[in-house]
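The following blocks contain the structures, represented as structure tokens.
One chain, subunit A, appears in both complexes that follow, with subunit B as partner in the first and subunit C in the second.
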Partner chain A sequence: MARPPRIWISNETPAPGEIVRVRAQMVHVMESGLRLDASGQTVPQDILTGFTASLGDSLLLEWTPEMAISQNPYIEFTFAARHSGRLRMVWTDRRGVVAQADRDVTVG
Partner chain B sequence: MRATRRDMLLAMGAGMGTLALPQILRAQAAAHVAVVGGGFGGATAARYLRRLNPDLRITLVEPQEQFVTCPFSNLYLGRLRDWDSITHGFDGLRAAGIEVIHARAEDVDGSARSLGLSNGARLDWDRLVLSPGIDFRWGDLAGYDEAAAELAPHAWKAGPQTQLLRRQLEAMEDGGTFVMVVPQGAFRCPPGPYERASMVAHYFKTHKPRSRVLILDSQDRFAKQPLFRQGWQALYGEMIEWVGQSDDGLVVEVDASTRTALTAFGTRHKADVLNVIPPQKAGLIAERAGVTDETGWVPVRADRFESVHVPGVYVLGDATIAAPMPKSGFCANAQAKVAAAAITADLAGREPPPASFANTCYSLVGPGWGISVAGVYRAEGGKVVEVAGSGGVSPLEAGPEFRQAEADHGAGWYASICADIWGTA
Partner chain C sequence: MTSFGSDMRRRDLLAGAAALGGLAAAGLGPAAAQAQSTTAMPQIDSAEADRLAAEFAAGAEVLSQGLALDLPALGDNPAAVPVRVHVTEPITDASWCSEIIVIADLNPGPLACRFRFTAATGSADVTVRLRLIRSMPVRAYARMEDGRVLMARRDITVAPGGCGL
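Up next, the complex of A and B:
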């Protein structure tokens, strides 16, 4: 793995119910499987197939990146902070987990 | 069905018998085409309509008495061009028999076929050409509005903003940082930001050699990237730093008063001169004419550049959705010629001739160091497509003579297209 995902979170200690904004970027080639290389051979597909974000046991977001998603997928989302917990973001491909990033969110 | 002037005349002609025929022909020939926008698209359309059918009545509506071109305005920033050399008047178009009105187009009525102007006048038209260029999505980038642009200029419409940016560069002390913000979404002149960075670096190299250029980009790739980077390295060493989106180049907020740009992942960049190129959309009159779609740009029929929404309204240039054609002055000029031919044919009751377009974007990396990208396009199945095997970019492996020749070709292109459009040198 080249480098860990880049994460930004608007507030790690939000007030109850506060809207928290998260930005996350994963370095990935996102090879579509449609390109030909210089010798005319198909470049094998290599894409992320899943992304989930959860806060503790609560699933916040599930996303299925498709082959048309560009390199280094960037995602931005918001959630309402109703309870404290570990914000966990997981990127997967067909073989399993590619990367994971955690941030603790404390609702005060 | 609405009774057009032609229907009326035909009805009168039928009533009056064949004797009235010459009159009908003259009335048809004297159709009125109104053109909004005196830039690369509009001024070309006006001139070529006139050339294709000298009997047409043509009115060009443009608020400014002099048009300053975005192409070559970066060279003004680099002190390689003076202001007058990128400024063009409309006397040449007047001399060609085109009526030029300096007013702002305020509203379009597509069913009554009329155009309202800021001077209170209303123009009736048989065909309307809109070449409104771009407007900015003020507020899309947090902290950047029209007031902020007076502190952190965009200079993405050539004019007072360009002069303001040059004054700021001249006032900056040696050792300062010029920061440029490149927007998300489609924008006018894809290689423009990188040519601007080159020209600012040239100015710094010759006047303020301890200064630096920082480009914060919302994209991970840019037009002619390998050629620019090669030229930057050769001419300016480490002076220009480019930060792509994946390296936290996406700017989400600016503070014009402190000249600070804040990135998506929380990095603050403090600038001595901050140049923010804002997110863009079609010029406002396109929205008012009802020809834009949800993207803010204008879908057109590729074979004639007529609006898909409002028949009889033709839209040109940066305002349109014409990809793979880029938003360039050269493209606007080519589209205008296609539209002029289509309008002339349509008014004569004929099908438009096949549409073909060409484009070249020259960029100057430094004095005597030119690069280019070119393409040939045609209309196919309602879309613009690039002709396979056409165009391409300058070779990466080329010597100084080749770069010099392309710099000369760029200057030659500018002189000839300005002569073609405004009749100016």
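Up next, the complex of A and C:
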């Protein structure tokens, strides 16, 4: 977790039911496992394997990236703001959690 | 309308170009070695993509409506092609999207990514950036909670060899 993810959220105080848009980008090499190093050895695969976004206790989105996702993965999604809570985003790779970001969303 | 000055510039340019050509020839060895630094090969056809699609649909009829797939016709950076997938019909508590997959037909691993939504999401609209190994069709499939499977498909042209896979 060298650098924290960059987060943009369209509205942190949305009206009930309003569609909120979130953009997030984090730092990850996304090594495909197909490249060879200078000595001809395969560079082991190292990719992001999971992302979850939840608002309070309710899960909003699970994302399963594969090899085709670009370096420093970018994700943009929307959700309907039905209740206040902490919007929590968690990125994982095979070593475990690599990044986490929180934003408080207050519906009013 | 050739003046003496511009003619001199032209000669300088020609001489410079010749020198550059020589440098390029000398540098060919390392460049050729670098081109083999990846074992990534594109799929020869869409067979694997079709198999993934059939697995996702699981026998359901696939409808070519209700799902939008937005991507540039020309991917100027094949290492990061923005792809947006969204369900165009209203998302309600009775009819919501539970899962979306994105397939890049000819990539070494055609399944690009998978999304799962819940009833709490209240929306189905996602954007990611893909790396594509060559020009190819890209498709997205969405599973609605009422059992329908929606599909969208677009062709994209990318510059070859810039993939970074």
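The definition used in the following text is that the second predicted complex is superposed on the first by the 108 of 108 C-alpha atoms of A that agree within 3 Å, B and C clash if a C-alpha of one lies under 4 Å from a C-alpha of the other, contacts with A are read in each partner's own complex, and residues count from 1 in each chain.
Keep in mind that, in the parts below, a contact is a pair of C-beta atoms (placed from the backbone, for glycine too) under 8 Å apart; a residue touches a chain by one contact, two chains touch by 3 or more.
Remember, it's a predicted structure, so these values are computed and weren't measured experimentally.
Of the two partner chains, subunit C is the only one touched by A:65; subunit B is not. By the touch criterion defined above, A:8 reaches subunit B but does not reach subunit C. By the touch criterion stated above, A:74 is placed in contact with subunit B and with subunit C alike. When the two structures are aligned on the shared chain, A:19 is found in touch with subunit C, with no touch to subunit B.
When both complexes are overlaid on chain A, the residue A:86 reaches neither subunit B nor subunit C. Residue contacts after overlaying the shared chain place A:32 against subunit C, while subunit B stays out of touching range. Taking subunit A as the reference chain, the count of touched residues is higher for C when subunit B and subunit C are set side by side. In the superposition on chain A, A:55 makes contact with subunit C only, while subunit B stays out of contact range. Subunit A uses residues 70-71, 74, 76 to touch subunit B in one structure and subunit C in the other.
On the subunit B side of its complex with subunit A, the touching residues are 220, 245-246, 248, 250, 264-266.
By the touch rule above, subunit C contacts subunit A in their complex via residues 36-40, 79-81, 84, 91, 104, 107-109, 111-118, 120-123, 125-132, 164-165.
By the touch rule above, subunit A contacts subunit B in their complex via residues 6-8, 23, 25, 27, 70-72, 74, 76. Of all the residues in subunit A, the ones that touch subunit C in their complex are 17, 19, 21, 32, 34-37, 42, 55, 58-71, 73-80, 82.
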